[in-house]
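For reference, the structure I am asking about is given below.
Just so it is clear, A, B and C label the chains in written order, and each chain counts residues from 1 on its own.
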């Protein structure tokens, strides 16, 4: 059972990280459909970094950097060149899939050096709760901290207010003198770095290997998650753990040999995504009240 | 310093010129990439742009590859023009392959050639049903079609895997995950003797004409376009948003499904886990590079096929991973989107204000 | 006279298709209420954006309190003491009043301090406002108060107001003027942008007139007449629209006890709305926008079909559930207030835009391009639309010309009932006169016309009868002869129960 909880937290952490990153840029009004591509490239970068240096933290740094860089290019295109946000995000995902497969061919058989177990000292020795909750990779705890930081920043600080206003009505924010484009770009790059972090976590901690396409749609699920959570950080975390639970259930059922073909079990996370999307979208009022109004719409200061 | 200034009206010249510029930039980057990997860039250029059109056999292969890309892209163009973002064409393609393959498996040695019609119809229906799911979820529950159609791609791929590993596995196939090879009767008829090109290509060209007429000469096509460009105007005119949604998805689902059936009963000849070749995603690029215009997409489909074939050649002759195709395709879309900026904006040199 | 508060010399600003400001001079004294008068498109908004720092001039100098300055962005303008109340509010719907005001100020004050400052300032100037309310719950007049308070909290030396009264009832306008006079007496200069001659004469002590991007005159409006001001503004007397008397015919459009919950949560519910329009008659709906006009119009046009059976009747036939196309077949045509995006598709040609409401050039589902182009050319010629031909894109036309095309498109269909919303908003005076003339001609030919407009002057000119819409309800109707601005103003606040007038 403690292993199941651990699996849930692990899997959920990936989704939560990516989804929180996407939340930040969506709050500013930019929809980045390139999450999958960014995560794939970051996963490769992280894996390669650890293979070459043996330092797991460099892996995370590499992943975050790659995510930020790709998001930076994407951001430049949709914010300054005013390219279509949906198409550009898609292009990012397609390109990311291609280039990570291309550059990663050399790493397919590589193994990562052993990084040892993590634990929170004495807490980890508590019966049951110890292994279940307190023996995780630091990034798992980082995500929880991140949620708290985000909630506080978005609701209580001027920075958060400015970010939300840019997402609500960029023209009004511009009229008040805020540099809408710069603010959006910073949000996009920050979001991209978190997606990159998530990607690196997948390839260096969750399943320490490299295989092309290994993100397997988690970037897309993370996108759905921000909508499902109506753009609130705490709900994102909850939703991510829920999905983590579904993934965990799928593996568990396979391992205990339940008599369902494995492919149908594999479908579970994707079907679950569709179900939650349906559930949350049924009430357009919730969405309207919580969704940053300018998502997807281009902004040019001259108009 | 250089600044972007909005134009009064979109530039006609750049609407046509942007894809050309994008291609040039992509080629340039490709040359740099090949050089940095220690490969001869000229050889690379030859493989991507000369070999695929060198000779009748090469052109046949080019057209065979272009057929599914063109078909799917035609459907996607209708979708994107209606502002319906069907990203899951790959899933509809797979379901078309499954449906068409399922009918093909029913054939026996004595089946008449007319079973091909049944296969193709089944394929189109399979794709339509899968797309109808997306339409239903958006129509009834307001669920975003980008995410639902994409999730259904993963589901479709798993379904295919289940079928070829399970109930549809060839009992005489040495336990490989594949169906038996389809009977001869199911093979899509060739267009000419001596070439592998089949009627699928003719169908695709017919579809080009049909889509052109639909988009530019029918009232229904006009309604689709308005729905995509200005939803408030569509409502004002009385065009049903629901109808726009369903028509867009059914057409693109049908086209993708048809492409799937054509591939499976044509070049591939059986169902395998490798049926999903990414055509559904490449078709998105074909649609954009072709400016969402039926005739433009003929050219961009051929261009994409050249990338595919060039990638295969690069793998066998230069030792490069086949995924280089994906790199170039993604790069082309990126550069196209960037160059498209020049349609709506012009670059000017402005004195920096003190 | 000491140093002027603001002095603009030779300000010029060019855009790709138009010269918005051409060597403009402007001089505002301290404590002066200075009007900038001009019709739509004269360049007033651009000039204000330059003063406020949102736009940079191509040439010319700006002097503030005698010193030459370069205002590079709104923050610098605010720091200097220049504040602006926008015509289209820069507010964020989902944030509270206090948060909105805070965003409009520079760093340094905390949210708590701003909240208490809001309450204090509101009390001093008599502008009631609850700082904790989310902006989307406010009425349009209250939203303007937020803008004004936001400006006042920066302790401005120069306050710019851009067309502030289009969203106010006549009574609220009077209250606003009291606030402005108080401010001016404290030494704050006020730049008042408007095209409303009555208001400028009653409020302002100086006036600069603009036309076509240039300054055409300076005067003291208190010493001028409406005629002379109008002459300065458009170069001639305001064109008179001849309104002939006419006996109205049968009831063509009838709304009976329509009640409807709003579609959009930021909208307005409709309560027991009833009205009737007869052939050969113009019924005007007065009222500040945001009181349910949009919702009512969507029900009438067929864009909203949720009305209960029997609520909307065309010549006695129930059309409550019929869509726009079905209603057009019965002779009901509609000109919406949003031209680009609703009345026309910006990126399509005029010929194709014809297809939105006219299907004469469609045969069995197929388009006939030649017939369509000819049809469009006919409308362009008949209504004097200045465009590059039927293939010109809708977005390439000026506001006035596009409106002429859209109105022309509907009138050319020879409707039995025509509904028009804000017929001349944002349209230059010449085109506006043409449009009003066309509407009157239609009425004379026996069409039933329903006009919704924020401009009371326009309604008084065009309508045979007037009703007022307030908070989702419709007042009893009154004949034009019995209508006067102050009674209508009262009714705009919904207070028509006491005075009962039958037309």
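A few comments on the model shown:
The criterion applied here is as follows: contacts are C-beta pairs under 8 Å (C-beta built on N, C-alpha and C of every residue); 3 or more make two chains touch, one makes a residue touch a chain.
Only a predicted model underlies this, so the values are computations on that prediction, with no experimental measurement involved.
When each chain is reduced to the average of its Cα atoms, C sits farthest from chain A. More inter-chain C-beta contacts link the pair B-C than the other of B-C and A-C. The distance from the centre of chain A to the centre of chain B, with each centre set as the mean of the Cα atoms, comes to 28 Å.
Centroids built from CA atoms put chain C at 47 Å from chain B. Chain C has its Cα centroid 45 Å from the Cα centroid of chain A.
Shown for chain A are the residues in touch with two or more other chains, of which there are none. Residues of chain B in contact with at least two other chains: 5-6.
Contact residues on chain B toward chain C in their complex (touch as defined above): 5-10, 216-220, 222, 225-226, 229-230, 232-233, 235-238, 240, 353-354.
Within the complex formed with chain B, the residues of chain A that make contact are 33, 37, 77, 80-84, 86-88, 90-92, 94-99, 101-102, 105, 212, 216-217, 220-221, 223-224, 227, 261, 263-264, 266-267, 270-271, 273-274, 277-278, 281-282, 284, 287, 300, 302-303.
By the touch rule above, chain B contacts chain A in their complex via residues 4-6, 85, 87, 137, 141-144, 146-148, 150-152, 154-155, 158-159, 161-162, 165-166, 281, 284-285, 288, 321, 323-331, 333-334, 337-338, 340-341, 344-345. Note for the complex: chain C touches chain A at residues 53-54, 73-75, 78, 86, 89-95, 99, 102-104, 107, 264-265. By the touch rule above, chain C contacts chain B in their complex via residues 16-17, 56, 70, 72, 301-303, 323-326, 328, 334, 336, 338, 341-348, 352, 355-357, 359, 362, 365-367, 369, 393, 395-396.
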